[in-house]
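Multiple structures follow.
Look at the two complexes coming up: chain A is in both, with chain B in one and chain C in the other.
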Partner chain A sequence: MSFLVQSVRHVLRHTTQRTTLTGAMRALSLSPGMHQQNKPAPVVDVAAITKDQQKECQLICDRINQQVAKAEQGRLFAVVHLCGKQFKITPGDIILVEGYWPPTIGDEISLDKVLLAGARDFTIVGRPILEPGLVTVKATVIEKTLTHTKTHFKKKRRKQYMRINFQRSPNTMIRINSIEVTQTVDGTSKAKEDLSRRLF
Partner chain B sequence: MSNSHLFLKSGFPRAPLQNGLGRYVCQLQRITLKFCKNNGSSRGMRDFIENHLVDFAKENPGIVVYVKPRRHRTPVLVGEYLNGEREWLNCRNNTKDEISKWIELLKTQNGCSSSLRLRKMWHTDVPSVQGPWTPFLLRSPDANSIEYPNIDASKPLDIPKTATDKLIELFKKQKLEAGDGAEDLLKQKRAE
Partner chain C sequence: MVFLSLTQLVRSRGPDEFWRKRRIFKMAAHYRNRPRNVYSLAVRIVHRALAYATKGRKLKKLDMAALWTTRVEAGCQQYGVPLEAFKEGLARSDIMLNKKMLSDLAIWEPRSFEALVKISRERAAVEGLPDIKQRSAFNQVYGLSNLKLD
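And now, the complex of A and B:
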């Protein structure tokens, strides 16, 4: 099911690329659209995906959109990329970021790199991340603290060498407040406006 | 070498009282700065109190700040938290900046952090939304009705082709390509 959704989105994106960018532009990779999401897309023959397959994909997208519109999808989960790590989260979760990270307690942040979002009946998979604005993940920073004291002990036998270091590194605790699907699943045109504002 | 880690408690990430779900509540309730008015070891603490303490108190109206001078003792920071814990920090010979850093740490944490080793960097109440994976997930239901012992199901999945099989295949392919003309030729040869 998710594969079909993917393939539909792929096809849609492919066609839009065709219309907006010339082949030369793509070869030079100068366009702003050449972000990580749609970098050298593997050439897929549009005709290879048959009509009825497309129709089926559209049907699935419609069913997902219907479910989201009626708020029948239940609890959503997502896989987000945060500070070099991926977390599988659902509303109410606590995750910890290790190392220095500027946000302080009480900050409300939105996690933008969503790799995957899913509910009981469907999964939306990004390649590698979902379109900006499709899924919004809100979170609150609730604690910034230090880890327990870690002992780094080194010793070489018969060499009169011994070192002992103690280390505490910063940790940040984050509470996930909400995960929401905010756009219709097959909408690809809106993403373009936001691309210039995005950092990644 | 230090053996303190042997008896260190370990646990999982928790936040007190569902903090952050509705709104965020600062967990530090009370902070006490103890220092000496004369001693050099309290110099940084005295500087901090002169320059930054009022600003700190104004920025954080939810935190009660006590200042306690005492003669000929090292400066100390004590934080008291909503969960009843109390963290005591020695600030002997610390500079002003170091003290503001430690106060920031006391403010941002939920309790004593030094006494707990975290076993996971993630906590959830709902481990699985779509159900946990099982070996039978997305498998054909035919597998339920198979009776064992079964020859097909017991075969290894990757039997490589033998040389004989490959030869037979090649021969068949040749035959198909050559068509009927080749067969006639073969018959002629056999007749000879």
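And now, the complex of A and C:
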């Protein structure tokens, strides 16, 4: 009890001085925290900022939409996820899918898992994929072959151990026919698609 | 018996030894000096080469992964963001581009890459990750409502 009284007296004695001390000294002092109020944090109006941001965002979306409507966006590129790998593609490219993959020659497919699409003036980033139907990537399967023969050779010296195997795995080449922005871009993602037909 | 081609007329070129050695010599044809002509030397070097080729197929993948990491790191150092924070920021923003794509974008699509760095940086700053020195205040990335920050 006597200690408390002492400390309170100590605090009272130093009240005048404390106003002049720096923040670091305040941190070191014994006085209770309620006396050590920091400056009030600057008031950030998050709602206003968000509104501003929304406006900016809408502006950007409008500009993208205008550009797409006038077909001034130029050649698009896209990053698609296909067979566990990601490919950066642009119309006319031929990409190689390694390993077993069911589609056969001549199949027209659309690559739906578009992670990112970009043009000269804008980039659309998906989280993790763009909303369905926003960017359409069409491709054709043009060739199905086997790889060259890979020799799998193992040998241990002086142990009479030697194995040799040969392997060829299937390869599929597909050509990217077109990449198009088919919907208008608006900052909000909408989930009005019929989900029954989609696989993911 | 009708032989349609001349090669079929030629007698078999000897016992198994010839064919066994010929298989090795075919693979040693581009060597120089004695390993090209002497079987006992050729077979050692061919076996070594085949074993290296087998191991190299795995090493190639690892090497490429290391190369991509280096490239992405260099790419985000341009903007003063360390690699770890960049990757963490992207992952927390649900952007699932892999290292290969990020390095490709850093090289060929620098402005898309810059946008990714900014998104990631913003996310890292908002979530209070270490390594981000400059706390950015809502001034670099538009569409914050999409980031679900509040």
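By definition in this document, the second predicted complex is superposed on the first by the 146 of 200 C-alpha atoms of A that agree within 3 Å, B and C clash if a C-alpha of one lies under 4 Å from a C-alpha of the other, contacts with A are read in each partner's own complex, and residues count from 1 in each chain.
Throughout what follows, a residue touches a chain if its C-beta (ideal position, glycine included) is under 8 Å from a C-beta of that chain, and two chains touch if they have at least 3 such contacts.
No experiment lies behind these values; they were computed from the predicted model shown.
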First (chain B), second (chain C), both or neither touched by A:70: neither
Which of chain B and chain C A:86 touches, first, second, both or neither: second
Partner chain(s) touched by A:95 [first = chain B, second = chain C, both, neither]: first
Which superposed partner A:158 touches (first chain B, second chain C, both, neither): neither
Which superposed partner A:118 touches (first chain B, second chain C, both, neither): both
First, second, both or neither for A:128, with chain B first and chain C second: second
Chain B versus chain C, judged by how many residues of chain A each one touches: B
Partner chain(s) touched by A:106 [first = chain B, second = chain C, both, neither]: first
Partner chain in contact with A:142 - chain B first, chain C second, else both or neither: first
Chain B and chain C contact sites that coincide on chain A, given as residue numbers: 77, 88, 118, 123, 150-151, 153, 155, 164
Footprint of chain A on chain B - complex, ascending: 1-2, 4-5, 8, 13-15, 19-21, 24, 26-27, 105, 107-110, 113-118, 121-126, 129-130
Complex interface listing, chain C residues touching chain A: 47, 50-51, 53-54, 57, 93-98, 100-101, 104-105, 108-109, 111-112, 115-116, 119, 138, 142-146, 150
Chain A residues touching chain B - in the complex, by the definition given at the top: 74-77, 85, 87-90, 92-96, 98, 104-106, 118-120, 123, 140-151, 153, 155, 164, 166, 168, 171, 173, 175, 177
Footprint of chain C on chain A - complex, ascending: 46, 49-50, 53-54, 56-57, 60, 77, 79, 86, 88, 115-116, 118, 123, 125-128, 150-155, 162, 164, 187-189
